[in-house]
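Dropping a structure here in structure tokens format, bear with me for questions.
Labels A, B, C and D are assigned to the chains in the order they are written; within every chain, residues are numbered from 1.
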Amino acid sequence: MSVEIANISASMDFVAEFCDVDAMGVVWHGNYVRYMEAARCRLFDKLGYGYLRMEQDGFAFPVIKMELKFVRSLRFSEKAVIEATLKSFRDIVTVEYCVKNSKGEIALKAQTQQVAVLWSTHQTLYQTPEVFQKLVDNLIEKQSA
Amino acid sequence: MSVEIANISASMDFVAEFCDVDAMGVVWHGNYVRYMEAARCRLFDKLGYGYLRMEQDGFAFPVIKMELKFVRSLRFSEKAVIEATLKSFRDIVTVEYCVKNSKGEIALKAQTQQVAVLWSTHQTLYQTPEVFQKLVDNLIEKQSA
Amino acid sequence: MSVEIANISASMDFVAEFCDVDAMGVVWHGNYVRYMEAARCRLFDKLGYGYLRMEQDGFAFPVIKMELKFVRSLRFSEKAVIEATLKSFRDIVTVEYCVKNSKGEIALKAQTQQVAVLWSTHQTLYQTPEVFQKLVDNLIEKQSA
Amino acid sequence: MSVEIANISASMDFVAEFCDVDAMGVVWHGNYVRYMEAARCRLFDKLGYGYLRMEQDGFAFPVIKMELKFVRSLRFSEKAVIEATLKSFRDIVTVEYCVKNSKGEIALKAQTQQVAVLWSTHQTLYQTPEVFQKLVDNLIEKQSA
């Protein structure tokens, strides 16, 4: 059985802070990477496999690829929400992101890909840790129950 | 005549500063967006159409899409070089980036896409400003001469 | 009457995000300036004189001095709260900050000083705008009522 | 003999990059902490006791206090230089900073204080490591020779 599409999500509210805004008066495009990471952390926490747990188990999940599409800019003090959705998790961890402004309009669509790395040897693994896959499997089962 | 591939480059040396490095001891992946922008600014300066000139002319060139592939991480205090190469400039401004460490090994491959926007109306233009295209055309001619 | 000590406060919860943490595994000291600014914005909003209102009225309140004392470090994913308290507001706007970790232990004590600047001429003013002083006076009156 | 005033300096050129600039069109005040750290790293390298050496020896030198005075703002693409000068190094490491714009006008005056910490126990030391003091002593001797 190949349930590759996990569709487990976590979302986070945020505000376009003054120091996130550039000379054009809108959120500097590189700052979305910070929002994405923060949302991804909340997603991993939800999966029961946060960064601290990863580290304890001797793994890291570095981002190997990311793609961002900037649809609409966010102005200073605008409220927004970012949703991170797990799309694959067995070999490559794929997470999709969507930022919406307070009117519900899309500001950003993005995707990251991560691989598991054995911390001690810096060796890239072709499969994510078994314990991680199990945690996600359980969560998918619960959601579809 | 459709000289779409410009192949004009600018490069910038940089050091992986302490505050650019994350808890893993390597440059935090989001910081590459800063290096890319800095290199792109030097590229636009070389084209004779830097950000200040853009602004004076009433244009902005927001990034609408970017893609980054992380090949090798940079450690604290490592010296690196980033090269930004103009790939297209008539409708969409495409810039490709390559970061290499001091051994010449590739650390990052990336691409950005920008469109021209009329600052006064925030209207997206289907063509970059004529003056900009002319500047690039001249530079291409010089290079191939 | 010289009610110089305003003691109006605003606080903000935050989490030590992964990208805020340095190679030592603790929040990089420069990032506290971001938390301080975010808390200060909430304080100015509470006073009814947020950055957007300032801008509309033609003023800016640049920071001219800041002092930070780092008491205890915050680790990745630690929850914290920052409180910003208005201390003076007639000539120089003085704000004091205190960051506490989830155990209520002090992580940072800091202070900023700002002056009002007339945006059109970039001229520093020896007094903050009257409308601003009035708003604070009213709030102090309400608090002591 | 108490040569407490070291007066050993290191300086670094930098450019006010686009992503360093805020909505006011000038370098965001918090970014000076980054320039200061980069200059301090170059100063420690000059002393022969860079961050990597510190780490190897089992020490860290966290900033416990910093004070910044913003004299003049730097605009996007402005060239500047920051100089870091060691002022004390036996118990507390005091470094003073001065940022000047391309006209030689002062933009920032600042100071940091650091203490040595034993990495294994996180214990604060009342004296900086002997090897560090010796390196600085030797450099002072050379300078005054």
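To be clear about the criterion, a contact is a pair of C-beta atoms (placed from the backbone, for glycine too) under 8 Å apart; a residue touches a chain by one contact, two chains touch by 3 or more.
Please read all numbers here as calculations on a predicted model, not as lab measurements.
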In terms of contact pairs by residue number, which of B-D, A-D or A-B shares over half with C-D? A-B
Per Cα centroids, the chain farthest from subunit A: D
Averaging C-alpha coordinates per chain, one finds the centres of subunit B and subunit C separated by a number of Å equal to 36
Distance between the centres, which are taken as Cα means, of subunit B and subunit A, whole angstrom: 25
If you average the CA atoms of subunit A and of subunit C, how many Å lie between those two points? 31
Can you pull out the residues of subunit B that are in contact with at least two other chains? 18-19, 30, 33-34, 37, 76
Interface with subunit D, subunit C side, in the complex: residues 24, 29-30, 33-34, 37, 60, 62-70, 73
Parts of subunit A lying in touch with subunit C, wherever the complex brings them together: 15, 17-19, 33-34, 37-38, 41, 50-52, 76-77
If we count contacts the way the header does, which residues on subunit B are in touch with subunit C in the complex? 18-19, 21-23, 25, 28, 30, 76
